[in-house]
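In what follows, subunit A forms one complex with subunit B and a second complex with subunit C.
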Partner chain A sequence: MKGYIGKRIATGILTIIFSFCFTFFLIRYAPGNPIKVLAGTENPNPELIEHLTVKYGLDKPIIVQFTNYIKNILKGDLGYSYMSNEPVIKLIKEKIFPTLLLTLTSSIISVIVGTFLGVHAARKVGSIFDRIMCGISYIIDSTPGFWLGLIFIIIFASTFKILPTSGMHDLRADNEGFARVLDVIRHMILPVGTLSILQIPLYFRISRSSVLQTMSEDFITTLRATGMKESRIFNKYVLKNAIIPTITMFSLSLAFTISGVALIEIVFAWPGMGRLIMEAIKKRDYPLLTGIYLIISICVCVAMIVTDIIYALIDPRIRLE
Partner chain B sequence: MSLLEIKNLNVKYKVEGKEINAVRNISLNVEAKDSIGIVGESGSGKSTLAMAILRLLPEKIVETTGEIIFDGINLLEISENKLRKIRWKDISVVFQKSMNSLSPVHKIGFQIKDIYKVHEPNATDEEIKEKVLELFKLVNLADRVYDLYPHELSGGMMQRVSIALSLIFYPKLLILDEATTALDVVTQGQILDEIMKLQEKLHLTRIMITHDVSVVSSTCKKVAVMYAGYLLEFGYVSDVLTKPKHPYTQGLLKSFPSFTGERKDLRGIKGSLPDLSILHGGCIFADRCEEATSICFREKPKMVKFSDSWNVACHLVVGEDYE
Partner chain C sequence: MRKGFKDALNKINSINELKIGITLLIILILIAIFAPLIATHDPYVLNDDMAAKPSSEYIFGTDGLGRDVFSMVVYGSRTSLKVGIIAAAISSIIGTLVGGIAGYIGGKIDKVISELINMFLMLPTFFLILIVIAIYGSSLTNVIIVIGLTSWTGTARLMRAQAISLRERTFIKSAKTIGESNIGILFKHIIPNGIFPIIADSTMAVSSAILSEAGLSFIGLGDPNVISWGQIIAHGKDYLPRSWWICTFSGIAIICTVLSFYLIGEGINCILNPKLNKAS
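And now, the complex of A and B:
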């Protein structure tokens, strides 16, 4: 087990290093130039361009830039954003919490609700509930997320005025403590609701088919033949065997949502990483982008390692590798 | 009284608008301490018969009619709750694919313990472990298997685990459904030996389902030959396998090397199993039977009874009817 975890962590670190190198060069070789954005597109001053290029070290060969960057990271310095001149680490720190709040809450809600519905549908396979849920899951799958978000805003915020349209808290109210928490929760309902509804069908289908598959395994017949009660077979044996694909799905979607949540964040004006990434890409803010990618890849790898460990705890066959 | 009495058992699978008659009108008596081998080619309904006895067929798509009387109780009529009390305690089974017969993510000991507690909820863990280890010894398994997972064992070891598991309550009736088919001949031989010893010791009644006639001839007292859902011939191994009366049994035996005597050419039976979703008017084997006459295609043969409970369903076998 120790060897297994060590191996996973080593793989994780290698993945982070590789993805870091890849994105570092990709961003810098991509068309576009941050200096031009900074100096303005109309009538740029050549001296200013020259000055900025030297100031940000962009005159040096890319390999030198790379080694300098590595040296700085090892000191814990992710550099300064070209746009705001603030430390990258500070910008990310500010934005990562709202994003994690959004993604973790919605992922956890959808894994619980989706799995519950899926298991229930599988127990009554072919029933009206099962058929309706399957139909709904395909409809939601073909619904664009931003559209769903907009519709929710129209219904709950504009028409009924029961929930705020955007943001993470009420800017006019200056709440403290518990009142502030409540305010954030109120603001979270629509974006988290949208994200959850989008993800629930994935967990629904995966847990449904996984339970159905487990139910048809030979060992279920053995257990039935022993006179064990159906409910006991289900709760003790089927669920533990059927939960593994759901865990895979959870870690995959967690990794995806941390970066893929941008569109929903923009729809709800949520002060998260999504908008930070969009701005950084638009303005070719190299240090900020590199920093964001690094942090995202670390998040993804941590999620993967945790998943692998949970896997091994549940399924002894995986530990053997 | 017989331990198990099957009367006019019919099993129909209803799939995609078709009705597949997997077991047709089978009547069979199993006396206590008998050992009966059920042989037949793939698709002849042997496993369906076994699953029907245990009532393990999916009830939604299967229609079972007839009577299965075990120890005076008709298993097809009693409630699920009553049936659960009989399962494993009185009738247990060793399944074909032992490798998958236990949950892969639970330890073997944990599962056996859990199964033991189904019928003995008050048993303590130590008590159960002691009993299981004793059974492990009987089937030649090391104690450490108790704390292993199924994937950590070889096929032969898992087979022994399945056999040990099937014996935890010393059931009256033990059904082995192709239990040794997946094993190599050496392991198969060992396990069959063990089973026969256990049978002596524990006074089991055994039904052995297999397509391997040699397994039946070496381990069973009686044999039932099935074909396309029908029981064609039934009797003592010493009768049926040495001087078979039914042309199908004769053909089946010709496709195996003989146990004694000179070497003969092996011959298969021409043709293949009939479509079970179509009802056949005459003898089910008539299409492939080399000796078939016109009556074989017209009328269903009746069971002709001989001494020593030797039964044959064939128009060509007549004359010696003792009843």
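And now, the complex of A and C:
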């Protein structure tokens, strides 16, 4: 158990170190002068050049530059955003909560719905329900998430007109307290709905196949031979064993989910990290872009390690390995 | 030879996924090849009818600049197929080599490579691609190479498992006894014998490469010199909800293309694992 968790944490730390090195060398070896990249313009004025050279120590050897860079990051200084001239870390802090809200809500909904549907389909393998669900899961897997979001906007903005299609709250109504929460929830329905639909097939497939696999194992045959009722076997023995793999899926899909969230945020004008990335790209704000990348990598690593630990606690097979 | 072909055809017919996937793919490839004949307008020409509704003149309508959406979708198939297939080829070749070496040689090399693979699985790959493209420029070649270089880990894991199980087989041991070199064994025996699951995996890699390219184009990091479905959608987003046709049709085109590769990959998996086949 300890060995397993230690190994995961070590991999996580390595990944984060890789991300540090990666962003550093990416900027240093970008086409053209790193100063131009850091300044974000083609023709920075001499004062700016001097300021940046001193700030990032660009006249010093690369090793010194690298250690300075790492030191700054460890202090929480990710540099300054070019477009707003504010610390990158502050901009990210403002935007990370809305993103987490979307990510977590949609993940939880899709784990529950997906597992439920998967277990249901596996109980009646080959039935019409099973076949239709498998077909739909293929199609959803092939659908670009941002497109699905746009289609929802077309449907809800032009035909139904009941749900807001952009933003996080109504700018015209100055809601307070509970009304504000309700307003945010109303704005969340479409983005969370889109994200959940996109993730459900993942959990549907993993839970379906793991139920099928457990059902074919020897101990289930033995239980059947003892004359135990089919429903009791299912609820007491199959479910427990079959649901565990969904947790691994949760951990593995996190990196994927967070990129999906960014695109969906752009579609629904949700004020989160996705929007920030979009703006950073448009304005060529590289310090902001690398900062966001670092924060996202760290978040994904931490979340993955936490789910792995939970998984190890639940499943003794992992613990004892 | 003839009999072999017939056998293959029967096999394809018996698995629905494969049948639908291959039919879809053949249609798509034909569309991509004969794009100039199929397209009703030049997709680069700006007409005077801007954001016109679908009609007999413009089958899928026109976009905000007056370009014919149908012709753009037809030409876009070339970009998507190119990106998907080349990127998947790059990632499969790297993945097969890295996985094969790790699994066959084992020892310290295997440990290092496995750790590298574990690390890559923790990275948010889409953002990795995004940031490289944003800084290094968004030409189509860059997009293809970066997608290819970042998505080999799945293939490497598969190939590594294959190599580990093949390593212990008698015919590999006999080859060693005869005195064949490690590299010879790797290329002549390990890779050819373990390649089938990799092929299934690579077809699915085509799907994810196409989706990645569409996502990149959607945030404005596509190659501005070529027509791609993601870019059409990104452009159409600004004309919503009135001009729904710009986004809708290119999205459906993406779904069909990605679906065809998924189904083929799934179908090959079905042939390889008869157990899986029975379950479905």
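Quick note on the criterion: the second predicted complex is superposed on the first by the 270 of 321 C-alpha atoms of A that agree within 3 Å, B and C clash if a C-alpha of one lies under 4 Å from a C-alpha of the other, contacts with A are read in each partner's own complex, and residues count from 1 in each chain.
Everything that follows uses one rule, which is that a residue touches a chain if its C-beta (ideal position, glycine included) is under 8 Å from a C-beta of that chain, and two chains touch if they have at least 3 such contacts.
In this text the structure is predicted, and so the values were computed from the model without any measurement.
Contact with neither subunit B nor subunit C is seen for A:L78 once the two complexes are overlaid on the shared chain. In the superposed pair of complexes, A:I200 makes contact with neither subunit B nor subunit C.
With both structures placed on the common chain, the touch criterion links A:P316 to subunit B but leaves subunit C unconnected. By the document's definition of touching, of the two partners only subunit C reaches A:S297; subunit B does not. Once chain A of one complex is fitted onto chain A of the other, the partner contacts of A:T15 are limited to subunit C, with no touch recorded for subunit B.
Taking subunit A as the reference, the larger set of touched residues comes from C, when subunit B and subunit C are compared. Shared-chain residue A:T221: touches subunit B; no touch with subunit C. In the superposition on chain A, contact is made by A:D141 with subunit C only, not with subunit B. Judged by the document's definition of touching, no subunit A residue lies at the interface with subunit B and also at the interface with subunit C.
Interface residues of subunit C facing subunit A in the complex, by the touch rule stated above, are 115, 118-119, 121-128, 130-132, 134-137, 207, 211, 214-215, 218-221, 230, 233, 236-237, 240-242, 244, 247-248, 251, 254-256, 258-259, 262-263, 266, 279-280.
Against subunit A, the residues of subunit B that register as touching in their complex are 54, 56, 83-89, 92-93, 95, 97, 100-106, 114-115, 118-119, 149, 151-152. By the touch criterion stated above, subunit A contacts subunit B in their complex at residues 217-219, 221-229, 236-237, 240-241, 314-317, 320. On subunit A, the positions that touch subunit C within their shared complex are 11-12, 14-15, 18-19, 22-23, 26-27, 30-31, 37, 125, 134, 138-139, 141-144, 146-147, 150-151, 153-154, 157-158, 209, 212, 252, 255-256, 258-259, 262-263, 266-267, 277-278, 281-282, 284, 286, 289-290, 292-293, 296-297, 300-301, 304.
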